[in-house]
Structure formats: C-alpha cells, structure tokens
Amino acid sequence: MKTAKQPVLPKWFYQLASPKWCYQITGTLLPFFATLAIALLVTGFVWALLFAPQDYQQGNSFRIIYIHVPSAILAQSIYITMALSGAIGIIWKIKVADMVAYTCAPIGASMAFLALITGAIWGKPTWGSWWVWDARLTSMLILLFLYFGIMALYSAMEKPETAARSTAILSLVGLVNIPIIKYSVDWWNTLHQPATFTLTEKPAMPIEMWLPLLVMVVGFYCFFATAMIVRLRNEILTREKRTAWVKKLVTEIDR
Amino acid sequence: MHPRLLNITELYCERDDRILFENLSFQLEQGQIIHLIGKNGSGKTSLLRILAGLYQGYEGQVEYLGQTLAEVRAAYNRALLYVGHNLSVKSGLSARENLTWYTKIQPQLDADLIDSALKKVGLQYFADVECQNLSAGQKRRVNLARLFMLPAANFANTVWILDEPFTAIDIEGVANIEEHIASYVSGGGAVILTTHQPLQMNAAVSKICLDNLGT
Amino acid sequence: MHPRLLNITELYCERDDRILFENLSFQLEQGQIIHLIGKNGSGKTSLLRILAGLYQGYEGQVEYLGQTLAEVRAAYNRALLYVGHNLSVKSGLSARENLTWYTKIQPQLDADLIDSALKKVGLQYFADVECQNLSAGQKRRVNLARLFMLPAANFANTVWILDEPFTAIDIEGVANIEEHIASYVSGGGAVILTTHQPLQMNAAVSKICLDNLGT
Amino acid sequence: MIRVFWAELHKDLLLAYRRKGDLLNPLLFFVMVVTLFPLGVSPAADFLSALAPGVLWVSALLAALLSLDNLFKADFEDGTLEQLMLSSESTYMIALAKALAHWLTTGLPLTLIAPLLAVMLFLPTQAIPTLVLSLLIGTPALSLIGAIASALTVGLKKGGVLISLLVIPLYIPVLIFGASAVQGATQNLPVTAYLAILGAILALSIVLAPFAIAASLRVSVSN
Amino acid sequence: MIRVFWAELHKDLLLAYRRKGDLLNPLLFFVMVVTLFPLGVSPAADFLSALAPGVLWVSALLAALLSLDNLFKADFEDGTLEQLMLSSESTYMIALAKALAHWLTTGLPLTLIAPLLAVMLFLPTQAIPTLVLSLLIGTPALSLIGAIASALTVGLKKGGVLISLLVIPLYIPVLIFGASAVQGATQNLPVTAYLAILGAILALSIVLAPFAIAASLRVSVSN
C-alpha cells in the first residue's frame, strides 16, 4: 500500500506523488498554459485563415490542415502519455499518475475524433469520398477504438483504484500494439492497392504554410496541458475529498 | 511462546463514504481463535478479505510473521486457507475432482487425505457426483473439506480465515467442524472467523466486535 | 376454523437415483408454522420448490385450497411469497428500486409499505445504495423486506415459503423476522420454512423431519 | 397487464442506463465488426460497395446475437427470474417487455448508426433509406426470436455459443430478406416486397414469440 | 510451477469435456458465420473466392472472441478464481494454462475444420496450406491476447460486449497478417514474411500476455 519501501527515486517524484502538492503546483502552472494556449491558438488561427497562401491545387479547403494535423499528432502523443503514466501508477503506486491517465483518455479520444472528422471533411473535396481505407486513416481509426475501449472499461468499473489498475494494463498492452498496428496497416494497404492518394507525400509545404502549422501544433499541446490540468485538479478534489486539506480548501471556497 | 502470526496495526477501511473501522489493531497468535462479530454490514467480510490479501482498499499495516503481506505473498499463501462467502467449488466437477485440483494449486493440502476428508464432511457417498447436483449444504461441505486436508504435522504457523463457514451446514456438521477447529489451534494454528451463530467450541475464543468502530 | 391452505398427499421425489422422500403427506393450515428439518441433502429445498410450483420432478398431489397448483396458478402466485437460496435481488438496482419492481410483478405487495419495510429490516440508510455495494446480510435483508410489505389485512389464506431465510442475517435481524413471522401467522397466514438454527418463536411450531424418509 | 410490462421494461432500461457502457457497447461492436471487413477482405471501394449490404446486415445480426447471452442470464443467476415466474401477472407481457428492452438497447442504436457505416463501406447513397428501414423492421424480429433461444439456454452453464447455434438458423430468413432489400435498392429495383415480408415476420414474432419465451423460461427455471 | 500448469489445464479441459457441447460450439459457430456470407452477400463463385481469405479469418476471429466471455467468468463467480489468486504457485503458469485450454477448445478445432470451409467458399486449393498454417500460428495469439481482455472484464456484470470492444483493436494486426498471407497464397506470392510476423506476434504474446493476464486477474478479484 504505502510507498515507503519502494525503489529509490528522485525526491520530486514523490512530491508529485502527493495529490496535495500536485494540486498546488498545477494551480500555478494552469494560468501559464492557459494563456499560452489561447495566444498560440488565436495567432495560429488568424495566421492560417487570413495570411497563409492558398494551396495551388486545393484552394482554401487545405486550410483544414491547421486543425487536422495538430489533432492527429496530439491523439498519438496523448496515448503515449496515458500509457506511461498508467505504468507509473502501477509500478510505484502513485495516485496522481493514475489520475493523469484517467484525465488523458477522453481528451485523447476527442483529438482522434477531431482528426477523423476533419480528415473526412477534407477528404470529400480532395478525394471525392468521405472515407477511404488508407493506412493512416485506418490506424487512426484503430487508435480511436483503443481509446473507446479504455473509456468503456473506466466507466464499467466502480472503484477508481481498480479502474486505474485495469485501464493501465490495457493501455500498456495497446502501447505495445501500436507499432504493430501501424506496421501491419501500412503493409496491408500497400500490398492490396498501389498508393492512390499520394497527397501525404507531396513535396514539403512552403515555409509560410508550415510556420502557422507549427504554431497551431504547439498551441494544441498547450491546450492539452490546460485541459488536462483542469480535469486533473477536479479529479484530485473528488478523490481526496476525505483528506483534511481538501476539506479545508472547500470550506474556504464556501466562505 | 506464542508467536504472533498476524499483526494488524492501525487498519483503516472506508467503503461507500462510510468508515467501517479505523485505528483497528490486534494480533492473531498461535493457538488463538478470534471470532469476529458485528451486525450485517459492519465490515467483517471486508476485514477478512484484507487479511487474506484479497482486498487492497485499506490503509494501515498487515504483517505475517513480521513482514508485510506484499513481501511474503507466496509464503503467506502457503500458510493460509481462506473460506469466503463464495462456494469456491466448480459445479461441473465432482467433489473428489475439486479437491484434487485444490491440492495442486494449494500445495499445502495433502492429496492423500482427500478420502478421509470427504468422509469427515459426510460426503463419502457423494464423492463422485458432479457438484451441481448437490444440495446447498453439501456444496459448502466440499469447500470445507479442505480444512481436513492439511496434515496435522504442518499446523504450526498456519492461518485459517473463515467467513461464515457454517452457512447452510446442519447442526451435526457444525459441531464436527468446530471440533476440528479446536484441535487445529491446539496443534499450533490460528483461526479468525465470522458467524452469526454462537460458537460452542472446546477452546478459548476471543471476540472482536466491529460494531461502533467506524462512523 | 383452520382452513387447509396446502394439502400435500403421497409426495414422492427422487434425485440422482436417490429417493428423497416417498409417501409424504401433510397439511399446512392457517396460523401454522412448519419448520422443515433435515440433514444437508435430505431434500428440504427440493420440497419447498415443489410447494412453490418451481420444480415439477415429483409424483403425488399438492393442492392449494383444494385445487391443484396447476389449476390455481395465478391465485396461488398472488397468495405466495417465496424466499429461496438465491438472493433474488438485482445488484445494479438500489434496495428501493428492487422493492418497487417487486410491487409491480407481485401485486400482493403494497408499494406504500416500502419505506416502513426498509426501516424494519434496518436498511433505511441504505435504501438508495446499489445492492452490489451491500454486504451479504444486507442483500438478503432486501429480499426479506418483502415479508414486511404484505398489508396485514391480507394475511389470511396466504403462504410464505422460506428456504433458509436467516442465512447471513445477524442475531438481532433473526429475532426481528421471527417476531414478524409470529404476528403474520396469528393474522391468518401460514409459513413453511427451513433453517439449521433453532427457532425462538412466540408461536407454535410443528416440525417435519426429512431424514430417513427416503433411501 | 400493462403495469408489469412497464415495470419490467423500466427495470431493464434502468439497469442498462446504470452501466452506461452497456448502451454503447452493441453499437461499438457493430462499428468494429464492420471495420474488420475492409481490413480482412480488401479496402477497394468498388469491391466494398458490392459487399456492403451483406456485411452490414451480417454485422447487425451478430451484434444482436452477441448481446442475447445477457438477456435472461443475470435474472436467472440472481434468482429474480424465479420470482418473475411466481408473478401472478401475465408472463406474455413480461416476455414482450424483455424483448423490447433488448431491442431498444441494441437494434435501435444499430439502426441509427448504420447510415454512417454504410458511407464508410461505400454503399450507394440511394440504398441508405432502405437499409435503415429494413433494419428498423428486421432488428425487432431478431430480438424477439433471439429471446426464445436465450430463454431456452438460460439454465445452462455456458449458454454463449449454444445460443448462436439455436438462433442463427432462425435468423437466416431475416438476413436474406433484409440484405436482399438493400441489395435491390443499390440496383434501383423495387424493394417493397422484401420489406413487406420482413414486416410479416415481425408481426408473427410479436404475436407468437412471447408465448415461446414465457414457456421456455418456465422450463429453464423449474429444475 | 509445471504442476499447477497441468492442474489448471486438466481442470479446464475436463470441464469442457463434461459439457460436450462446448467443444463443438465454437466450431459450429465458425461454420455458421461462414455460411451466412454466401446468404447475405452473394453466392457467385468468383466473388466468394475473392472474399474467402477475409471471411474465413474474420469468422475465426469472431469465434475466438465469442468464447472469451466464459474464460474466467465461471471461475470468478463461483469463487475459484479467488482461490487461484491465493495459490502460492506461479500465476504466470496459471494464466498460460488458461489461455492454452482456451486455444485447445476453440482455435485448434477451428484450424482443423478450416480447409473444409475453404473449399465451400471456393478458396483456390494452393492457398489452403497457408490458411491452415496462418490459423495455427495466429489463433493461439488470439487466445492469449483475448485472455487479457477477459481477465480485465471478469469482475464486471456484463462483460460480453465490452470484451469485444477491448479486444478487437488488439486483434487487428493478427487479422491483417493472417488474411494477407492467405490472400498472398491465392496469388502465388511469397508468404513466409507474413507467417514470420505472425510467429513474432505469437512469441511476444506468450512471453508478455500471461503477466498482463495475471495482473488483471489480481485486480479483478480484489474488490
């Protein structure tokens, strides 16, 4: 139960492990990430929509890339974050890591969903159909399914502790599987049909298109951090509601 | 003289926002029988599952021979027999097959004692009937037969955790098991059990009451 | 004066090539409590399921108010409360939701009595907890709460069939239910029950022993 | 009569709602099985579009079938089924309510999401209304027929695969008419005949199946 | 170590043998799903023969998946799982034995009957050895991976559909490599690479899955 006899780890690690400390530190980090997220996303949006040049083939429809690519990237990073913090939660029995994993799942799923939706919307004008069974699309779809599985498992379990253990195991298994999926899907697709859609391989985009994309990607990361922190803090409060410091905090707010 | 088999310190357990017990400390020593009493819902099963290492939702320390359960998991499992609310009997197998399987997964049980154990729980004529065709009490007897399969020479330092073992057992059967428990503890074992019926034991029984230990 | 609610004639039941009982005849009359006793596996549950109409593997006659069960199925079901080995409680629903559902499928139960029944079985503070989060005894109490939901005015000519109703119930709870049973039969009902614990009832109890009735 | 119908329906839906996942699960299963086909067979659009009516119907059938196992099992195991059989109310209504609850939590959501999957499998757009209609008429029949098998097997320890065995032969007519209707619609052929037959199957099931379900339950309980 | 492995395997196989039906069920399910396709899609030989590798693999996958639900459920409900977790013996071996028992009662019979169904679906004869080989390597991996999901959901009331949800994404690589191997064989392409990868997946599963299974069981039991 207790962390006392666990392998030696840096001190900050255990400090982070204390929900109280984590609540405080995230409290100070939150405004930083929030402002950064808003600033970057607004800049990125304005730049992307008004100033970035049109694509010579696709006209304005290409601008959806500024949502599509960041969300696709995020969906994958969030999965890794989730699986790793789940592993930390299992190995070192750190509650906060469990909570991080828990808060990641829905955010990651919505990113995967966003990537799919924007991709589908984009696909209609460029490929002439909402959906094709291309390798990338398929592996993103499977990622979404993995997220769904994890969320379904969460909601099926009653107790947060057991739910955290179980979903951590599942997301780790999924993590091992992700490279296999990517590999299998790539291979499967190239065997069956020659690459019809080579858009993803077209020459690197011009720098004035690429820069706003970078801004958007960083902005999305900051947004993820913000969203995660907000959910995490909520989660800490509900799960630690019995402890003295939360009770104190709550009465202070009530007043 | 009386080594402490289990040492429980400052146990705290909460379920459904209700504290079942806090600051609960006691020892289970060789030769001791602890009868856990308390109203329905007072936390007896929860406590026994914690002691068996089957429930983790607690705070505090549970030590077996001076080491925490996590550290001596395998040794503790070899020393432990747990009888829970569940039947723990495969209904598709016969009594004998069930017990044979038990001797494999719990090597402290002796396969040579199966026949005598079946006889002691009154199932000698039902040894090869599939358990789904047994009555409620007979099914429980199959599980309890394990208590008769521990060689007497190995009683020392072992622990039995019995959660309402007498459910569905008839009067004669209860007396028989009580007698066996008494001889087990006199051989160096230790028992913690719950039952709502009064015990008629030929041995000293200490009681721990879980009512009013929490909120 | 004492109408025969159940009339059992020449009952014969065999399971697994073993005759559980043969030539078993008895009556259950208004105001009567029959305590069915017998060793584990003597056929108590089988008999009670036959009387409830839940088991057909028998020969002989079972009549309710002079008519066979098949003839008066609906009327008999309205007059009957059966508590079996199974919990008969949906673990995903709360105690209150379970009882509300019972009032719909067994219209002899009165929905207005749910709150008082919950109180009488000591679950007033657990009324809205999902039953899977209750202890073994609390779950059984949910099922037993039905006994307190029959309006006293309708006791006459009804039958309770209780198969080890006191399993997992604490001492106080048992006394409480025993008292209720006594007042039920004095109001015109009739009870046939099994339990391995001795009854401490404020009413006359006849015993029927199933040992040595078969082979 | 009606009271017990509502009570049973309410209980089952409440239980499904309590474990929110359960409402989504048959749906997600449907989505996943449908996506297995492009992966296992071929992702080519023209090929998939020819496969689509059959694959959608087969997957809907499997999703309905998979969730059958739980229809009476839980009630049997905790003893509430026993109590239902001791009810003085109409067992016909109870059986009908159970089947309806099953359809509301599986068939209906499947039907609603089918158009999306149809697009993913390149089903020609003009066939989508027929797909939805055929599922809307066909899936309640699947629930009713399936409930019979579920009731028959509920007393057995491992019903899971046995149910499929009993039920698939009974499902085949529904599958054939359902898939044929959609197939017809892709080729702009008239489909009312197919749908009418599906409707007839449904009507027949509503009238007869609850009796069979109730009788099977009675047998399963009395052992 | 080995003793407990055999004990567990023996117990599970004995139980399966006792209810003889259970040995046949996954097999019959496999046969039925395969026969649904000609009915639902089209009975034309050339079309079916193109479909065959995918349909066979998808059906094998579904048959394996369907029987997962019972893998630990019964042990959980009667409390024997609890007792297994109180064993002083290796839980790795116990988990491995359970997965092996599952494969022996589902994957293996499927593999053995697959050639017959392949002929019914007009799969070119030269692809049949590859089909059998790919199933022989792939289905044990399905059992091992599936056992993880089964262990995770065993404590939950309605595991049935949830398992599918958890497991299908993990099954997809096996499906793709398995089906691609057979597809390749129909076109006389080299298939060793696919089979080698299936073998690698199997090896990985044998090494890692039992740990995940044992850990999941521990979590499911301790509540």
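As written, the chain order gives the labels A, B, C, D and E, with residue 1 at the start of each chain.
Note that in this section a residue touches a chain if its C-beta (ideal position, glycine included) is under 8 Å from a C-beta of that chain, and two chains touch if they have at least 3 such contacts.
Here the structure is a predicted model, which is why all the values come from computation and not from measurement.
Counting contacting C-beta pairs between every two chains, the top pair is D-E.
Think of subunit D turning onto subunit E: fitted on CA atoms, that turn is 180 degrees, to the nearest 5.
When every chain is reduced to the mean of its CA atoms, the largest separation from subunit A belongs to C. Between the Cα centres of subunit B and subunit E there is a gap of 37 Å. Look at where the CA atoms of subunit C average out and do the same for subunit E: the two points lie 46 Å apart. Centre-to-centre separation between subunit D and subunit E, using Cα means, comes to 25 Å. Within subunit B, residues 56-57, 85, 91-92 each touch two or more of the remaining chains. In subunit D, 19, 21, 25, 28, 32, 39, 42, 74, 77, 157 are the positions where the chain touches two or more neighbouring chains simultaneously. In subunit A, the residues touching two or more other chains are 145, 148, 152, 156, 158-159, 188, 192.
Across the complex, subunit C meets subunit D through its residues 49, 52-56, 74-75, 77-78, 80, 82, 84-93, 97, 100-102, 104-108, 130. Residues 3-4, 6-8, 10-11, 14-15, 18-19, 74-75, 77-80, 82-89, 94, 221-223 of subunit D are the ones touching subunit C in the complex. Within the complex, the subunit D residues that touch subunit A are 19-21, 24-25, 28, 32, 35, 38-39, 42-45, 48, 119-120, 122. The residues of subunit E lying in touch with subunit A in their complex are 145, 148-149, 152-153, 155-156, 162, 165-166, 168-170, 172-173, 176-177, 180, 183-184, 197, 201, 204, 208, 212, 215-216, 219-220, 222-223.
If you check the complex, the residues on subunit B that touch subunit C are 15-16, 38-45, 85, 122, 126, 129, 133-138, 141, 164, 167-174, 196-197.
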